[in-house]
Amino acid sequence: MIEYAWLIPLIPVAASLIILFGAKEDPHSPLPWIGIGAIAVCLALSAAILWGFVSGGVALPYEKNWDWFSLATTIGGQSFVWTVPVGVLIDPPAAVLLFVVSLVSLMVQVYSISYMHDDTRFKRFFAFVSFFTAAMLGLVVSSNILVGFMCWELMGLTSYLLIGFWFERPGPCEAQKKAFMTTKLGDSGLYLALLLLYAKTGTFQLTQLHQHFALGLVAPAAATVAAFGILLGAMGKSAQAPLMVWLPDAMEGPTPGSALIHAATMVAAGILVVSKLYFVFLAAPLAMETAAWLGLITAFMAAAMALVSHDIKRVLAFSTVSQLGFMMCALGCGGFTAGLFHLTTHAFFKALLFLGAGSVIHAVHTNDMRQMGGLSRRMLLTFATMTVAVLAISGIWPFAGFYSKDMILVAAWNHEKAIFWPLLFTALMTAFYMTRLLTLTFLGDDRDHERFHHAHESPALITVPLLVLAFFSLTAGMAIAHDGLAARLFPKPALTAAAPAVAAAPATTATPPAVGAAPAANTSEVQTPEAEQELPDWLKFGIPAFFVPGAMLLAFFMYRGPKFEAAESIRNTFAPITTLLDRRWYLDDAFLALVAFCDQVAALAFWIDANIVDRVFVDGWGLLMRILAEISNFFDGAFVDATVDGVGGLSNDLGVGLRSLVADGQVQEYMMYAAIAFSLAATLILTR
Amino acid sequence: MMLSLITWAPLVGALLVLLIPKENVKAIQGVGFLASGVSLLASLLLILSFDRATAGFQFPEQWSWIPSFNVSYHLGVDGLSFPLVLLTTFMSFIALIGSMGIKERVKEYFFWFLVLETGMLGVFVALDLILFYVFWEITLVPMYFLIGVWGGPKKEFAAIKFFLYTLSGSVFMLLAILAMYFHNPARTFDMIEMMKAGATWSPRFQELVFLGLYFGLAIKIPAFPFHTWLPLAHVEAPTPISVILAAVLLKMGVYGLLRLCYQMLPAGFAWFLPALVVIAVINIVYGALCAMAQTDMKKMVAYSSVNHMGYCLLGIAGMTAAGFSGAVLQMINHGIITGALFLLVGVIYDRAHTRDLSAFGGLAARLPVYFGLMALTCFASLGLPGLSGFVGEFLCFLGAFPLWKWQTTISVLGIIATAAFFLRMIQKVFLGAFNEKWEGHMPDMTPRELLSVVPLAVLTVLFGVYPKWPLDLMNATVVALLRK
Amino acid sequence: MLEHIVFYSLSAVVLLSALAVVTLKNTVHSSLMLGLSLAGVAGLYAALGADFLFAAQIMVYVSGIAVLVMFVVMLLGRASDLHLRQVNEYWVAALAVCGVASVGLLRLAGARSATFAAAAAQPGTRIIGRLFLGEYLLPFELISLLLLAALLGAVFFTHKESAS
Amino acid sequence: MQNLSLLSPALALSGLAVLALLADMLVPPSRARNLYHFGWASAAGTLAWLVAGLADPASRGAGSLWVVDAYAQFFGMTILLALVLCLLMGLDYKALPERHAGTFTALMLLASSGLMILVSATDLLLIFVALELVSLSSFVLVGFERGNPKSNEGAMKYFLFGAFSSAIMVYGISLYYGAAGTTHLIRGAAAPGPMLMLGLILILLGFGFKASLAPMHFWVPDAYEGAPTPVTTFLSVAPKIATFALLVRVFVSVLPAAQFDLQALVVLMALTTMTIGNFTAFFQNDAKRLLAYSSIAQAGYLLIGLAAGTGRGVEAVMMYSFVYLAMNVGAFAVVQAVGQEAGSYDLSSFDGLAQRSLGLALAMTFCLLSLAGIPPLAGFMGKLYIFSSAVETGHWWLAAAGLVNSVASAYFYFRIAHRMFFRAPREGAAPVVAGPYIYGAVAVAVVGVLLFGVHPEPLIAGVRASAGLP
Amino acid sequence: MTLADYMTVSALLFLIGVFGALTRRNIIGILMSIELMFNAANLNLAAFDRFLHPEGLIGQTLAIFTITVAAAEIVVGLALLLAIYRNTDTTYVEDFHLLKG
């Protein structure tokens, strides 16, 4: 099966194009089913690969490259033509992610058939989603970071398109631009990292890059800069502080799109890229440390915002940011396995949460949780699946989130206690606000009777995906944590012996000399001997047994009532903090200020251009001509057409004194100049 | 003979156009298309026989022209110029399609247009400095008329400003060419001979001559601070001429920089390199910032050209094969993309007679095809991977980075600014609520408009996904350029 | 000594009357003074022993041109001319120009201390006649053409259009 | 010993002039117009004769006061060509009085014959007389529209300035004679001293008057504007070219030492001439006046060749003179056609010409572009030659100044192009209908402009073959 | 007497002529002044013949030519003046200003 892996990203592209150009827009168009079929095929392929690996039938990593284009290049003063390959590299994490992405995408699309069917741009939505899926899958399987970067950017594009899907409204328009620009800002870091890596190694191939790092051919300084570049890219894409501003606004898009892109998959791409280029970070401890702290800060800040938000999708968005912070923190702490594990489980339960929220919104036509309440009575299935997801994200045994979050905490504990404690606190905050969400939405009394009575359970096309995702939210953790599978699926790369035992670029490619100089890679898998410690028992058992349930219960009781006075009083007591959180740490304001500043700079630049550069270098040239013209015209005693130009005044001023001496158009004036020439010649020659 | 055919076919067409009475618009257009089509077809045929492994000049033609001065009619293309020849024939044909909208004084229009095409092609195929200069100047005059007669409100000013400013640059180029001629013991204007002789000249001389050449080229490119003619000319020119201006004319400057400055004056070039990279960075960042400040769509696109030509300069300044390839590829891609952008801006201008960004809104829902093409082109222009703009831009950066780390880093920020103004344009014009003022005035694109834009869009995607085709044409030459 | 007296008096006549030509208000007087000045120049020619030139000067200039000028002045002159300033406002500048030029010219002249050449003054008519018909035949013929052209011009300009 | 026969084309021309005058007396006024045709035929015939005689080495030789070499023959042909074209224009010039056809023809022929002698002359006396012949004829020709006050005024100013400058020149000749003891240029080349230098400078000023070099150029616009257009055309090319031929002969060939001493002065004059010409032309609103300033500027370019002073410089002057003839005649011919139609030479007469008569507009454009030195027109090749001579001799900045000047000149040349193409025709403006002769002149000029731009080799080869000065 | 004396007279006469040509408002006055200039040149020529180059009398010959030319010029000039006077009723140069830039 694995030899067909290259088809995985291409099938959705084809589907997307067929959907987009296949027929006119029609709310009942059958074309979306093509997308669903395509992604189902992908899912089947991915599942086969994953199962093959887990069951031992397929050896990973698997790499296959084809020639893409030839590029003249210069390395070390030598110029030659190098063939840039394009290809697939499937390592175990990629296999898992292929499965996860395909699955979530499939579920989202099925869900959307129902969710989007009234929309005027029904078909287009599926085209975008298919295209997005293709890009994400492409990033996952690409053997080449250049291709990876292309997919990365294309995901940004689809994100842009989906956020602004309802572009008639001003909100989505602003949000989509904000999302694109913010991620673009981050992307510039990744872009530079790419340039730097290529400049140092002469290749874009992941395996070859890894070799270079493994062999220590890249100076630590360069590695650090590159790692920070990658980190910046990940900050943009994965909405890490302070570039997180775009993600909450991105909820302006259709909910299934948010579920897929802004919850489950695309936002995880930052984490994914960091993991793919983990060897760079291994060579750059400073960047690792930064990633850890960055993740922690992000997790905390986002969780804090989630505590106060009333918009159900916003809460989920903050939670996404927070969870991404966890993953980043894990990677930074060296918990490679933990981070990717959490990425996987998070994809399931976060998609589920979003789809469930979508189902709720679909039913009550509002995002404001204060107008919900008691919906469990109207939408039992949705409630049940949401509950699974909340338990999962909160880290209740045996739901998926428990295993992965636990692993992250262990990694943090092992790495740095100063990170562990705040991280633990943030985990509890997570449990709190998720329970708050669940309580406000489904439990307690119905606060808005009108909406409550109109609410009803969603159709099967919506609930089935919820159930499927709930299944995985329940079981994924157990499955992966079982029998050390996690470490097999997400093996932490190492610098000493990391070069994966894969044939390098195909023989047709002219390998750059720097790569050719690489000695035979040591392919034996040697795990770095890290002192892996378990948490102390009181924590190991206390967290799932007491701390997390405690936080959840607190939330439940605080928000159970119709008016939740306790919560309100706390809110009022800490007004400055709440305001700070409501204003999202003033990051949005900072962002707007930055935008305004850029506009100012642009206006200034243009002013300079129009008033200085143009004047000096173009009109200045003309002015020079003009002055010369005026002077020569004056000496010609000719009439100046003052209307020709304002500079005409020049000759008038000059002329006041002299004009009395020299009249216009007079032949004797002409003679005068001749006589002057004569007299000067005579005197100069003869008195020399 | 093929190169001669390509070059002169439009001129023959121009002369034929003169013979047709001006009332017979159909015949004039027919002859125009025929002449330009012959060029296009011939150049496409040449792809088949173009040897991608040869670095030197192919399809050479050499006849004595002015033996007294050792000036010869010497034509030839290599991997540097051949893609540009293709670009020129192709974009000229596209612009001709766009020119079907010209309704008044058609005869003169086609005459000047075809003369212009010959001039542009000549610049890229000429291998003799005098011949090169002659073609270089030939492009000015038709451009002057095309802007001045068929342009916008300030067309007359724009035309003369364009003409005088570029002319003042090119006369210094002539001076430099003469200086090289007299410095070469062989007393020849032949470019190939000059490339051989150039390396032996004293650095001081090379620097002086470089400045002379650069002054002419920089105005054409346009490199900061000589760029301010461009927005005016672009804005005032009629749509097809803006297309030609952006797609081909600017390329003549960069081409000259590589062909004349780099190949003939290596020491002078190396001497200027630190300045060149600074200029490139200014072009990129400052061009993008200026574009951000625009409210006129066409002016914005014009400033984006300043920005994009900055990428070319940056790539060249890198002195690496990747940078050179990137510069050439960026020229091609910028030609295609910006050509399409101008055509698209022209589409909306034809309908609304305004290009003010804030005059529109919500067109995406009413003109989906137009929106799709515009979005594609804008994203290509802002360097979205998968579209052609990215490849050239990336290669430029790739090529420049090893030598100019900080400068490249600053330039990367320019990309963000580029994204900013394109997105803002999309938002203001296409998104949001529909401006009811245009109700009934906004039909989607006509077949003629589609005919002119869709080929460009297809190429944009094609070259973005599979840049092998254009790159293969130039690889051998680029490698050879750096080998010496 | 006599030579000196002749020279200085002639020079005085020439220069003073020339000054009068350019300064007098009355154009008629100016033209009379022109005749005097030209006659003075003729006298200088005589002093230099240039006999043919002397004759030509008297015949062409003094009796031809000066009279012609006077004639035209009378023809065109008006009584009002007497009240008009005859010198325009450039005179300061003109004076300055002439002053500057005089520095060079007088210096040039002052450097020439040559006295009369050894060969005594000879009657020049024969030599000049030979030149005219010998070496200078072509210019001589051209002069005839030139006079023809002048004649044509004079006739053309003074000819009254019967139609108008 | 006189070898007068060498000058037979020039002498024949003056003979024909006399013949025209005689015929004028005999032909009845109603058929006087035929004399214009006669004049044209005489000029053309002389030209043909001169060309036919080129192959004969006996047509070249030296006389006592003149040299007829290939150089002189080249300029003789140029002058005759100018004459032919200008007379051709004259055939369609309506303001010329019919009954004075004989006078007009005779004066034109006389002036040309004077010019042809001028280019061969090696003696200042002959030069002086020939120049005066040309001047006197020109004075009359400029004033030939007697009823037109502008023509009167132009003639008057031209005359006064001309007389003034010839007085200066004569004074210069007298100084030269004093210093050298002869008026012959070759024989007198021995003793440079202040007197000789001053004499030469004053002579240069006198030549400058004819060639319209600063500061002796002031009469040009007035005379050009006032004169009948064919005469303007003639004045703008023939005397100027002939004087340059003379200047080159005097300073490059005959008196190389003086040329060396005066080089700074020539450079200065070149700079001021082209700068004043170009930059003053900015402000002109009369087509003839504008072209007058342009012709001043063109003289400045020619001076660059003289300043270079090398063989290439001489060739450049020859080449550019010839090319200048074609483009200037072409421009003036169109001006005449358009101006006659509109009844005014104001630039506004050109409004919308492209829509009225595209052919004329294009012809004008080509000529103007050529004057501005835009390739691939003849003017560019000429400028290339000129500037290359400057660069070769190290006059970088002079070439640069010349190039900057040509950019500036493009501005005012394009003012006409601007009106022809960008402006709408005035109300009721009809297509310009010019006579066949005008079209003939325009066609010859434009063909020359295009041909020698695209294929300059024959001209260059001819120039090189003729440039060998003794 | 030396050459210097004659040349001085000639130079002064020339300059007087120049002055007159530049300052006389009347066209006839200008013409007269120009005649003075011509005469100055002639005086020079005659003096050079006498003092420096007595053998060929070329100077005198040239002077004769000059006299003739000057005469022809003044004839044309006066005729022109007459024609103009008929048209414009003035002989003052500053009255002629139709032609200017």
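The letters A, B, C, D and E name the chains in turn, as written, and every chain counts its residues from 1.
Operating definition for what follows: a residue touches a chain if its C-beta (ideal position, glycine included) is under 8 Å from a C-beta of that chain, and two chains touch if they have at least 3 such contacts.
The structure displayed is predicted, hence computed values, not measured ones.
K.L.:
Using the contact definition stated above, find the chains touching both chain B and chain C.
P.N.:
Intersection of chain B and chain C contact lists gives A, D.
K.L.:
Of the chains shown, whose Cα centre falls closest to the middle of all protein Cα atoms?
P.N.:
B
K.L.:
Which chain has its C-alpha centroid farthest away from the centroid of chain C?
P.N.:
So the chain farthest away from chain C turns out to be A.
K.L.:
Which chain is most remote from chain E in terms of Cα centres?
P.N.:
A
K.L.:
Once every inter-chain C-beta contact is counted, which two chains account for the most?
P.N.:
Here the largest contact count links C-E.
K.L.:
Just the number, please: Cα centre separation of chain A and chain D in whole Å.
P.N.:
Computed from C-alpha means, the inter-chain centre distance equals 75 Å.
K.L.:
Between chain D and chain E, what's the gap in Å when you average each chain's C-alpha atoms?
P.N.:
Chain D and chain E have C-alpha centres separated by 26 Å.
K.L.:
Indicate the whole-number Å distance between the mean C-alpha point of chain B and the mean C-alpha point of chain D.
P.N.:
Spacing between the chain centres: roughly 42 Å.
K.L.:
With chain centres defined as C-alpha means, what is the inter-centre distance between chain A and chain C in Å?
P.N.:
Roughly 100 Å, centre to centre.
K.L.:
At which residue positions does chain C touch at least two other chains?
P.N.:
Only 88, 90, 93-94, 97-98, 101, 104-105, 108, 111, 136, 139, 143, 146, 149-150, 153, 155-157 qualify.
K.L.:
Could you list which residues of chain D touch at least two other chains?
P.N.:
Those would be 125, 129, 132, 136, 139-140, 143, 146-147, 156-157, 160, 164, 168, 175, 194, 198, 221-222, 280, 283, 411.
K.L.:
Show the residues in chain A shared as contacts by 2 or more other chains, in ascending order.
P.N.:
633, 636-640, 663, 665, 667-669, 671-672, 675-676, 678, 681-682, 685-686
K.L.:
Which chains are in touch, pair by pair?
P.N.:
Chain pairs that touch: A-B, A-C, A-D, A-E, B-D, C-D, C-E, D-E.
K.L.:
Inside the complex, what are the residues of chain B that reach chain A?
P.N.:
Residues in contact with chain A: 161, 164-165, 168, 224-229, 286, 289-294, 319-325, 362, 364-365, 379, 384-386, 390, 394-395, 397-399, 401-402, 408-409, 412-413, 415-417, 419-421, 423-424, 427, 430-434, 466-468, 471-472, 474-476, 478-479, 482-483.
K.L.:
Enumerate the contact residues on chain E facing chain A in the complex.
P.N.:
Answer in residue numbers: 18, 21-23, 30, 93-94, 96-97, 99-101.
K.L.:
Write out the stretch or stretches of chain D touching chain B in their complex.
P.N.:
354-355, 358, 362, 365, 369, 374-376, 380-381, 384, 387-388, 391-392, 396, 399-400, 403-404, 406-407, 410-411, 414, 417-418, 421-422, 455-457, 460-461, 464
K.L.:
Which residues of chain A touch chain D in the complex?
P.N.:
Residues 625-626, 628-633, 635-641, 644, 665, 667, 669-671, 673-674, 676-678, 681-682, 685-686, 688 of chain A touch chain D in their complex.
K.L.:
Under the stated contact criterion, what part of chain A meets chain E in this complex?
P.N.:
Contact set of chain A toward chain E: 633, 636-640, 663-668, 671-672, 675, 678.
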